[in-house]
Amino acid sequence: MYDEIKNFPRPEKELVEALGKVQSATLHEAMSKRGALPHTIKPIWPGMKLCGTALTVKSRPGDNLMLHKAVSLAQPGDVLVVDNDGFLEAGLWGEIITVAAMERGIVGLVTNGACRDSLPIQELGFPVFCAGVSIKGTTKAVPGKINHPLYFEGVVVNPGDVVVADQDGVVVVPCGEAAQVLQAAYAKEKFEAEVIRKIRAGESTMDLLGFNEAYSRLGLSEEP
Amino acid sequence: MYDEIKNFPRPEKELVEALGKVQSATLHEAMSKRGALPHTIKPIWPGMKLCGTALTVKSRPGDNLMLHKAVSLAQPGDVLVVDNDGFLEAGLWGEIITVAAMERGIVGLVTNGACRDSLPIQELGFPVFCAGVSIKGTTKAVPGKINHPLYFEGVVVNPGDVVVADQDGVVVVPCGEAAQVLQAAYAKEKFEAEVIRKIRAGESTMDLLGFNEAYSRLGLSEEP
Amino acid sequence: MYDEIKNFPRPEKELVEALGKVQSATLHEAMSKRGALPHTIKPIWPGMKLCGTALTVKSRPGDNLMLHKAVSLAQPGDVLVVDNDGFLEAGLWGEIITVAAMERGIVGLVTNGACRDSLPIQELGFPVFCAGVSIKGTTKAVPGKINHPLYFEGVVVNPGDVVVADQDGVVVVPCGEAAQVLQAAYAKEKFEAEVIRKIRAGESTMDLLGFNEAYSRLGLSEEP
Amino acid sequence: MYDEIKNFPRPEKELVEALGKVQSATLHEAMSKRGALPHTIKPIWPGMKLCGTALTVKSRPGDNLMLHKAVSLAQPGDVLVVDNDGFLEAGLWGEIITVAAMERGIVGLVTNGACRDSLPIQELGFPVFCAGVSIKGTTKAVPGKINHPLYFEGVVVNPGDVVVADQDGVVVVPCGEAAQVLQAAYAKEKFEAEVIRKIRAGESTMDLLGFNEAYSRLGLSEEP
Amino acid sequence: MYDEIKNFPRPEKELVEALGKVQSATLHEAMSKRGALPHTIKPIWPGMKLCGTALTVKSRPGDNLMLHKAVSLAQPGDVLVVDNDGFLEAGLWGEIITVAAMERGIVGLVTNGACRDSLPIQELGFPVFCAGVSIKGTTKAVPGKINHPLYFEGVVVNPGDVVVADQDGVVVVPCGEAAQVLQAAYAKEKFEAEVIRKIRAGESTMDLLGFNEAYSRLGLSEEP
Amino acid sequence: MYDEIKNFPRPEKELVEALGKVQSATLHEAMSKRGALPHTIKPIWPGMKLCGTALTVKSRPGDNLMLHKAVSLAQPGDVLVVDNDGFLEAGLWGEIITVAAMERGIVGLVTNGACRDSLPIQELGFPVFCAGVSIKGTTKAVPGKINHPLYFEGVVVNPGDVVVADQDGVVVVPCGEAAQVLQAAYAKEKFEAEVIRKIRAGESTMDLLGFNEAYSRLGLSEEP
């Protein structure tokens, strides 16, 4: 298999956009509790959101040459998803590459590494989800892979998967499941709105969500 | 002893409210430097504050059935304090249970676990102090305990204790010491205001706070 | 050598001020990727910035007597840089010492330890860069050192060095290199502005920054 | 209450010795899954074991004056249990204090801090359970407490409790429950020996331990 | 897809055994630097080794019901590979389940969670590779998955993959690549033996391994 | 200054050997509590010891080309001290480079990174002090520095400094202070032997080491 793969199927734009309007946690639930990246990957500024198609990059710790290459291959609507071995003492992504990415139509970055230039990035309005912020510079010397699957703790990310991120973190919806997950998410949103309405009308989650039965099965002793 | 305890003495409302107007660090000092929970428990949004009466829950990592049960037992003014074994890869607390808690008059959550739905929770204005944010869903299957004492590193929390939290973190005032701690906190606030006034008038903390004597006792060599 | 050193050369004020207008990451690059403190030292409130002359303090974990002494020795424009062995379960720095520091003209604090009173500190507008926030009180009993060099992972800080900090973290410019680093930083800013202009005109970072050559040297196989 | 408490009830020697012959994990189970200290506290040398009566010490990070004092108060069979705020960059306990402790009849040390002189300590045959090993020296300057309760994550340790530690970690049996926990532990050992015998005779843990019912309640779909 | 999958292709026994005689690091290199599990998963006793066929289990933190079920499904030569969300405050695996596993012919355990009964497990001679040791007990209440793929940071593990572990850690060879990886590993062993022979004859790794060229390309300035 | 420096003063062999016979913690105390590397750097096998002259290497995370170059420059009695930015997901040092290092007369390795081939390294009897063990391979592509000062948390290491390491960790004695530190260490060993003798004769550390005065100054309340 080639180190650098250029072509992969991307889901339909409308589908991606629709998924981007759903909360990340709802999508995770709608996928039977799959797809959530580790909780350590967070927005560099509170309130950031993103939604797009994964273009995956495996780069070595503290080296971002593969990211520059990946930017040059991206299509509008892509999100770079970068595995940097969780290294946090180098800012893989800064202002210049942000501008270059925005010019290509890239709509965000997700990485288990660190970024820098957080202030200019905020001003540019480019959503970055990462595991740290570091001033330190990078090298541009080491081989990596583009558009191979990435494995984070508990999750695989394939190029073309839909990536949705908000304040809670990042969720990845496999390309082939996108339509079905969207429907399940809508059903979940509707159900939850109804639950909330009933709670506000005085009902208890123990009754509404069927937890009384689960609870009584625990066989706990209760103070009368 | 029952697994689930329903009744415990709560301090007077006025006392709780008065404590809630004092800074958490001041209460800690007023208690002879006791009562501060580990520094890893922080507000999910900057600026959040809470004050209330502890209702304690021991739940297993990533399971929140006991929290739903605890909500159904709470009284207005209660704060849920939850030991989840420090597990951060599941969002124990989300939008639905927040609405349910607010309906019961619960005034906040404190946990060494993680939460989700941070955006809706902020919009609802419900203060949450936790050790992480995770998208991931929970189970509702595992036994725990309600209103048993909880032990965090360096601190015991009993049901009925007063919990005060702000940007610096969380402090717990034992129910039986609440009145006396409040008086000590007032004295401390007064003293500190006076110290600040004197510093602004040109005095040094070394003189004002008696540190010269402590310093000279160290026997350090000083450049003349 | 004395434990407490009072006199050390400070760089010219204009130079310090000029460095303070440059982004921390740019200074790090302008110094051949040196001078960046560990990424765990961050502003206690988003958006804080500082620039000043290092006055260094080595204090024992959870003890701040040396900090009070250091405040009494500081000159306007100084930044306290404090090595507290990375201890995070005590708030070394709070409101009172902040007021005292501001009275002396101290312009900020940098530490691998923790602080408290984050709300009053924000209201006072005093920039603090630290590794954590803790309610817990300190002792005032243990010897330390003032104005000895400090060693953080990868960096030495000498008294009189210029300290610049922003959202990305903290960078330290050796006093004797300040003028030369400033010029290199200006050159870098100019170069980067030009790069960004060209990217916006449609050029790629692979071409602009000479990365094609580096990339082709990797010998990666590419999908045609 | 005094900072330094000298007298507390100790359990009978025979009881302590009998508990020391049971595995730590068995005691934890025999106490309804209570009493286990955080998993980060481990023997400094593989194979170390200890059993004794808790003499509790709260010392400040990196200061061991209170430990020297505590040694002078100990009785034969005591184990020092020390809360040092989890600080790991100082060796609280070394060869000299080990010799002094052994002269007093102290039978071991348990701490969430760090130790040093691990080689001489092994040669002396003194069991130490700690969270790290550090060369670095300590101060002898800061107040603490002797024989107050200590709170570790999930556990309270009172002076006079029985402390049992082995390769798996440390468990604390409340003094007043010691006799009853011992009986429960014997019952558990007997039950487990019987279970193991049956497993060796070909039975499955799913049958033997009643897990089939729990498993079928999960409602999982199985490949036929 | 079923939650619990029973059948999957296993590689030939001879192939597995042959892989088990190669060092884990050599296999990783022979797979183009793939397959190594996170470095935090280590033998509970120094010197442990294992080699077998992966039977994968996803269990919730601190719950081991799925492990008991998995044992009942295993075939001789299987290794249980368990994703427990990296939870370390419960001993998922102890003496009883070890005996049961050995009766089934299971040859080892690999998990990102924690184990207990480390002493009896050593005496039984059953290799366990885990991320921690904890006394604490588990629940048997929560659903999971058997023989679904597991994703660790950087690696996917499918049922039927070959798992090889030694003092350095754990490597996973995909079932379909096993024969080819073995040949590559043999070639690597031969090459390395030859390199070592030449080094002992006085040659330098810079010459032997072609590093001079790579080094000169760095363009570093050298003291003459 | 050159990136690669070849010449630096080394201390006399006899002095280095004599320092190597002293315990690391004693040397740290003899240097007024300086020189101890972070406690996370430990022997890969229990019982390893080393003593030699520092040859310093700054390499990028997961790249070991600079280490191969450094080996080719070393002289008998050198210890490689390597700053790898604390990266733990790559084994920087393995069997081949160990053989090459031993051929050059290198007597050990100290690094804040990770190593592999721990079993062959033990068999070769080469002491390695590192912060982790990882199977994962390295790149040989990135520039670094040889024989520049290295800064670890709290310590500077210059080429030519004496490095002594044992079970407790690593201590660095500046070349120019070696003779004087040795004398201070001898005095300390003699003093400690005398203290131990007196303790065995029944004296208390509180009396012997003058701690009664320090303790009484704390002003603690004691149970009569």
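We just call them A, B, C, D, E and F in the order they show up, numbering each chain from 1.
Just so it is clear, a contact is a pair of C-beta atoms (placed from the backbone, for glycine too) under 8 Å apart; a residue touches a chain by one contact, two chains touch by 3 or more.
Not measured: the values here are computed from a predicted model.
Overlaying the C-alpha trace of subunit B on that of subunit C calls for a turn of 120°, given as a multiple of 5.
Separating the CA-averaged centres of subunit D and subunit E is a span of 31 Å. Inter-chain spacing, taken between the CA centroids of subunit C and subunit E, is 42 Å. With each centre defined as the average position of its C-alpha atoms, the distance from subunit B to subunit D rounds to 28 Å. Counting partner chains per residue, subunit E shows two or more touched chains at residues 46, 85-86, 89, 141-143, 154.
Inter-chain contacts, as defined above, occur between A-B, A-C, A-E, A-F, B-C, B-D, B-E, C-D, C-F, D-E, D-F, E-F. Residues 60-63, 85-87, 89-90, 139, 141-143 of subunit F are the ones that touch subunit A when the two sit in their complex. Across the complex, subunit D is touched by residues 23-25, 28-29, 33, 36, 38-39, 42, 46-47, 166-171, 192, 195-196, 199-200, 202, 204-206, 209, 211, 214-215, 218-223 of subunit F. The residues of subunit E lying in touch with subunit D in their complex are 2-7, 45-46, 65, 68-69, 71-72, 88-89, 91, 94-97, 99-100, 103, 114, 116-120, 132-137, 140-143. Looking at the complex, you find that subunit E touches subunit A at residues 83, 85-86, 112, 149, 151-156.
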